[in-house]
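Note that chain A is present in both complexes that follow, paired respectively with chain B and with chain C.
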Partner chain A sequence: MKNTLRQITQSPKFMIGFCLILVLILTTLIYPLFSPGSPLEMIGLGTFFRPGTYVSVYDSVTTDKRYTINLTDAAEKRVASKLASEDKEVMKTWLLEFGIAEEEIDLEDTEALLDLWFNTYDESIRFDNMTTAVRKHVQRTDAKLDGLLEHQDIIVADSAADGSLVEGSLIKGNEYINVAEIANVRVLPLGTDNFGRDMLKEMISALGVSLMIGLIAGAIATFIGLALGLLSGYLGGVVDDIIMFVTNLFTVIPSFVLLILISFSIGQSDRGATTVAIVIGLTSWVWTTRSVRAQVTSLRNRDHVNLSKLSGHSLIRILVTDILPYIASYVIMAFILQICSGILAEAQLSMLGLGPKTTSVPTLGLMMFWAMAYTAHLNGAWWAYFPLVILIACISFSLNLMNTGLDQVFNPQLRD
Partner chain B sequence: MKFWIRRTLAALVSGIVVFSFAACSNNSGQQAATEATETPATEAPPPAEATAEPEAEEPAVNEVLSEVPRNETLYFGGQQWGAINGWNPYSSTANNAMAIAGTVSRRLIVFETLYMYNLLDGSMIPLLADGQPVWNDARTELTVKINADAKWSDGTPVTADDVAYTYATHLKYETGVGVSNKDFIDTIEAPDASTVVIKAKLGEDGTAVNPYQLEDYINREYVIQKTWTETVEARNSDAEAFKNDPAEDVVFSGPYGPYYDDDQKVLYVRNEDYWGVALWGSLPAPKYIGHVMYADNGAQKAAFTAGDIDVNQQFISDVQNLWLQDGLPISTYIDEAPYGICVTMPSAWYNMKSYGLDQVAVRKAIAFAIDYDAINQNAMTGQSPTFAQAPRSLMNPTAGEQAMYDQAAVADLQWVGNDIEGAIALLDEAGIVDSDGDGWREFDGKKLTYNAVCPNGWSDWQAAMEIVAAAGEKIGIEITTYFPEWDVYQTVFTDGEQTEYDIFMYAGDGTGPTYPWARVRQRFSSEFIGLKNNWTGNYGGYKNDRADEIIAAIPKETDEAKLKELYTEAVKIYLEEVPSFALMYRPEVFHAVNETVWTGYPEEGDGKNIPPTDLTDGYGIAGLYNLKLVN
Partner chain C sequence: MSKSVLSGKGVTKVFGLGDKKTVAVDHVNFKFSKGELVSIVGESGSGKTTLVKMILGLLSPTEGDIYFMGKKRDIRTRKQKREYWKGIQAIFQDPFSSYNIFHKIDSVLMDCINMRGGSHLPRDEKIKMITEACGFVNLKYAELTNKYPFELSGGQMQRLMIARIFLLKPQILLADEPTSMIDACSRATILDMLLQCRNEVGMTIIFVTHDIGLAYYISDSVYIMEHGKFVEHGTADQVILSPTADYTQRLINDVPKIHAPWDFAKVASTVSAQA
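Our next item is the complex of A and B:
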């Protein structure tokens, strides 16, 4: 046993996979300690907020601690953030349409361009051959430019008791605040999803649930596969025929189709994460049965098994003490693969809308489902689906790596 | 063993690769066609599953479409799903949405109505009719004159006889139109070729049962040629055969007629002899109208952003990003949220037969706890006025309807939502508490647990139901979401005896001459309780005698002050009893346009008063005459 463990820990493939999965598991356990609260809480009003640091505007404006920092390029940056090159292009289109000569319009000289713009632009003019989209773009650009060049301070007004506005604090162009001193700053490393939930928090919680689903599904599938395989392989005869008949029957029905049908017939209201895990487990035991049976068939006529039989040991005892230890390594590897396929099956089911009912717990598949439903992939909201894909790939990768590592240790043919 | 593991490994790895590719694809119509699971979030039935091979489909579509020049064709999206079954306007299964569809804002490309409804101001603009309809003094007969210019596509004039015969045929063959009008419209007669007299069914007191329904009819129902109808009758022996006739030889009065159709697309061609030149001053700008059948919302959106669709009837989440972020030549009727004219109120209905939902406290508490701002911002992505902007009532947010009740009188009843404390207090007060400590409340010892149901693929509705379920958890009532397919959903929720769905969603109302009365009837009327195939209203089976009296009284009331009183009382009952509650406001049809090929679409404030109904529905069709090519 000690020797086996040492061999396993010396397999780099296994250790990489093991460490990776350990990191994932620890993350699901530790992260909630740092970020308490429900992962399903809809904190954002709006869909797909970009990843970033969100600073409370209210606290920023009302803070007393302000620092004056004079940066030469501040004004320039401010203009650039408001006036993209395509905005300049539509301004040019409008000015040309208005009748300004092309050589008078210099897109490089922002100040001159803005001067020209403020002197000529009139919102009420409609050009016949300008599309609504361009006209509206011009209007939006004009609205953004308002007051851009005037280096005025901004006055924050407070409302007095009688409802009138009283001049409050003054904000200058070169005043800064330190984000560390602001009461309300929320970092959303992966932004929000379509429900305004913190993506990272939800994803880590979903990872835990998905791992659990994988574990339950894998355990069930391996248990059924092992039990049937052992019985069928050891007993042989009619029992073997019957079990193999059933197994072959399930082999020819694609298990995913079966999974879809069962999930559909259960109905969404009864489909919790555990139910889905059980259903996945019940439909994916077939290969384990076949391979365990094959192994056991070769073991059942070994001397020590015959000796056990002669000593009058019970069937269970023979299976557990004389046969199981010889195929244990194999069973563990099968178990790892079953966990992996369980997680993938949940993701696939959920994307079809047949996953766990949604409100109680997040799963990786459900998150993908909603990202798809709100066309995150067409909106450029990569944070709503790409980290999920990477995470699912990571789980599969690490579990498969562990499996290959074990295979190299236990399979004499593969030993170096 | 090695072989087994390798094979499994290979299968898994290829699975991951395929999975990752499917998820990573961006802005690709072809891949979107196979992956996106979202189906249209509209009243249109969701499309059949995407089974076609996109690689094979795409070139084929382009090949055939090239038969009509792009710069003479206006392409639509989101109206037609699946192949059309024919052109028979008497049929309910023609599935020819561009030709035969619409609400009171009727789709007017092929067939025409007497009047065009304008949902912007509720006006009725004469089309096949001439001048406004005239009521007799007793409000039992409505007289309409026929436009002398109006002609059929075969060149014969449209006469009053056609109008009368159309209705008689609807009655005779018990079509949907016939069934829904027979209790309100007795007969339609034609005293002479240019005069139509619509006679209302009279109640016991000698007044019209519902005069609104007559005004509704002249906006909503197509006029069909008598001669052609007789031809179809002659070749079909029984009613079913008559209604299922594909009508390839159809005679119509509208500006476009059949051109080409298969299971990939449908094309309509302009009738160069269209009589409407006399009315509109010109023919509509596009020579052809086309609609490609897309596999799903994702494919449709990709086609729209690529400029393959000009006018798009589709809920697009965060639609403003298409022009703000992506800089596409796309616009909506209004440049700012809610981007359209919201006239319908998709609502959650309570099933009165579900355990505990007969208790007002439970119904109210759930409605109080829901975060409607989250529904507005997250489910509808801001494409709806909030309940702070348009307070909750039986009226839609348009100014016309809002003026019909006394807002001050019910102001303290109009909840805005996300009121967890209020909801909890309400339940505690009613004695509905968690007595066994499992975290869920019981009523008379039985746990309150419900499902919240809407059709699968209608993404904004699904998201709304998720938010309803989240509210339930906060107040100790277990609500789980359930999204069956539309085909199943529609048979269950319209069944008055069903006990499968507890809280379910349906919009089913828009606007028209009968509104807001029709909405009051839809919310309360006990006439629908227990009906088998009930599409009209009160799906939850709520009963209130006073509400029934109000429903009967409103159509007969002509005094505006009294009318307002009745409406206010109805709103009060609605807010106090909560048999159903609106989750959002929504446009009747979504309307977004891409100006890659055509420009000159209607927009708010352009002074033309053309409603954003996709240039096809009601007075929206006027938009077709203002289009021109982008230079």
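Our next item is the complex of A and C:
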């Protein structure tokens, strides 16, 4: 027993899988401590805000503490952020005409482009094959650039008591504020979803709920499968016939179809996360029953079981002490796989719109569903679905890795 | 002949249905007297283990009745079974699969004391009884305590099984090829202990074996089993010195003799005569 435990902890596959899962579980437990509040709070008005740091405009304008910092490339960066791509195209046309090699013009690197432009552009040069319209366009663009580069201060107007505007503070181009000193800053590492919820926070909360669903579904499925398999395999006879009849019935009906039908008949308003987990558990025990039964059938004729009977032990005691330990390793592995398939089943169900009701808790499946419903993939809002896919894959990967590790310990001939 | 402790009439076991039907034991009658050492001899697959399991009540006969202590056996309830198993116990063929590998061997012996109504005894008392039983089979309890079965050799495991019988003191012991998985050197020791245990406890032993020489050496009477049927039975001298069934003759010829060269021709001729 101790030996087996040591072997398990020495199996790199199991330990990697185990640590990954542990990290995920700890994250769901610890993250809410650092970021309190409901994960379903709709903080953003609008859909799919990009990931980033959001700073209150009001607070940054009204803050009294300002620092003057002179950065050489500040102006160019400012221009770059305002330069439209069609302006760049116009500049490129002129520069090519001037004789600059195409490789030297990099439209992505706006600063380099501006440098090149200010060094080479001369209004007086006229190219013969350039139409007046284009020449005028180039001139306008150049004027715009000059305008952008000019240091213009901005005056913030305050409204006076009588409703008229009076000059408030003056903001210069080289004035800075420290983000740490601003009252309202919100980091949204994964932006927001279609409802304007903090994606990261929602996802971590959903991870916890999904793991919970997997655990409940897996525990129910394994428990039913184990109990039926033990009874059917050990008792044999009529009990076996009845249990196998029911099991075969469930095998013929694909469990996912059954799952869909049951979820559908329960109705959206009554489907909490726990209900969904129970339904998943109740429809996925068939496989465990069959394999436990097969193992027990071969165990029940072993002499140690006969000897236990001869020692007058009760049925329950024989099942628990003489049969269960022999299949325990197998049951643990089945349990881990059931957790995994429970999580995936929830995701599938939710993507069909049959998951838990949306208003109470987030789940990984529900988040996928909404991302799809609001066509996040077409809007380029990768942050609304890609982290979810990675997370689901990660759970599945680590649980399966744990299982492979266990398999290698329990069935040594599989070791490579 | 003294009163029979165990007898059977038309005991039959059929496995499977239809085409896959196997008649493992076919209408056998037997009668074992108190204190006797009976051997059941037959080659492997002849149905010996199946008969043993039926006698033990681990398998129910398809047909036929078994009488225990002169009365028809009734072991339908768990309580009746427990009572029955106080009187009849077994040692199985494979010591390596006779133990629950997850339990320390102490628990096997503790169970015996509890079964004989000693569960209320103080721990010291129990340990004393176990130590005595281990001593009987030449094992030191102090060295065995807290060990798992796989830490023992096959011979030690089988000896511990005898210690178990010593503690249980049943009226009847069924020994199903108890020495066939043991190396030849330990075999004699184990047989000797079994016989000693019989003298100590005064029980009837039903000794199942495929080795007719061994049966001749130890038993009072012998039953020869072929394809689920008893083809011959009688005292050991009768059956082995003047066999009437061909099958018995064949079994006798199969035994190699150390003092005489093995007559392959003779073995082969009886086998072909059989075929």
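Rule of thumb we're sticking to: the second predicted complex is superposed on the first by the 349 of 416 C-alpha atoms of A that agree within 3 Å, B and C clash if a C-alpha of one lies under 4 Å from a C-alpha of the other, contacts with A are read in each partner's own complex, and residues count from 1 in each chain.
In this text, a residue touches a chain if its C-beta (ideal position, glycine included) is under 8 Å from a C-beta of that chain, and two chains touch if they have at least 3 such contacts.
Because the structure is a prediction, the values reported are computed rather than measured.
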Query - chain A as common anchor, with chain B and chain C clashing or fitting - result: fit
Query raised in the report: For A:10, is the partner it touches chain B (first), chain C (second), both, or none of the two (neither)?
Result: neither
Report task. May I ask you to decide whether A:307 touches chain B, chain C, both, or neither, giving the answer as first, second, both or neither? Result -> second
Query - First, second, both or neither for A:159, with chain B first and chain C second - result: neither
Query - Dominant toucher of chain A (residue count), chain B or chain C - result: B
Requested in this report: Scan A:321 for contacts with chain B and chain C and give back first, second, both or neither.
Outcome: second
Report summary line: With chain A overlaid, the minimum CA to CA distance between chain B and chain C in angstrom is 21
Query raised in the report: Which residues of chain A are in contact with chain B in one complex and with chain C in the other?
Result: none
Query raised in the report: Which bits of chain A are touching chain B when the two form their complex?
Result: 40, 42, 44-48, 86, 129, 131-134, 136-137, 139-140, 194-196, 267-269, 287, 291, 295, 330, 333, 337, 340-341, 344, 347-348, 351-353, 357-360, 368-370, 372-375, 377-380, 385-386, 388-389, 392-393, 396-397, 400, 403-404, 407, 411, 413-414
Query - chain A-touching residues of chain C, taken from the complex the two chains share - result: 53, 56, 58, 78, 81-82, 85, 89-90, 92-94, 97-103, 108, 111-112, 115
**Report entry** Residues of chain A that touch chain C when the two form their complex
**Finding:** 1, 302-304, 306-314, 321-322, 325-326
Report task. Would you pull the chain B residues touching chain A in the complex into a rising list? Result -> 1-2, 4-5, 8-9, 12-13, 15-16, 19-20, 23-27, 32, 35-38, 297-298, 301-302, 305, 316-318, 321, 323-325, 327-331, 335, 371, 373-374, 377-378, 381-382, 451, 456-457, 459, 462-463, 466-467, 469-470, 473, 479-484, 593, 595, 599, 601, 603, 630-631
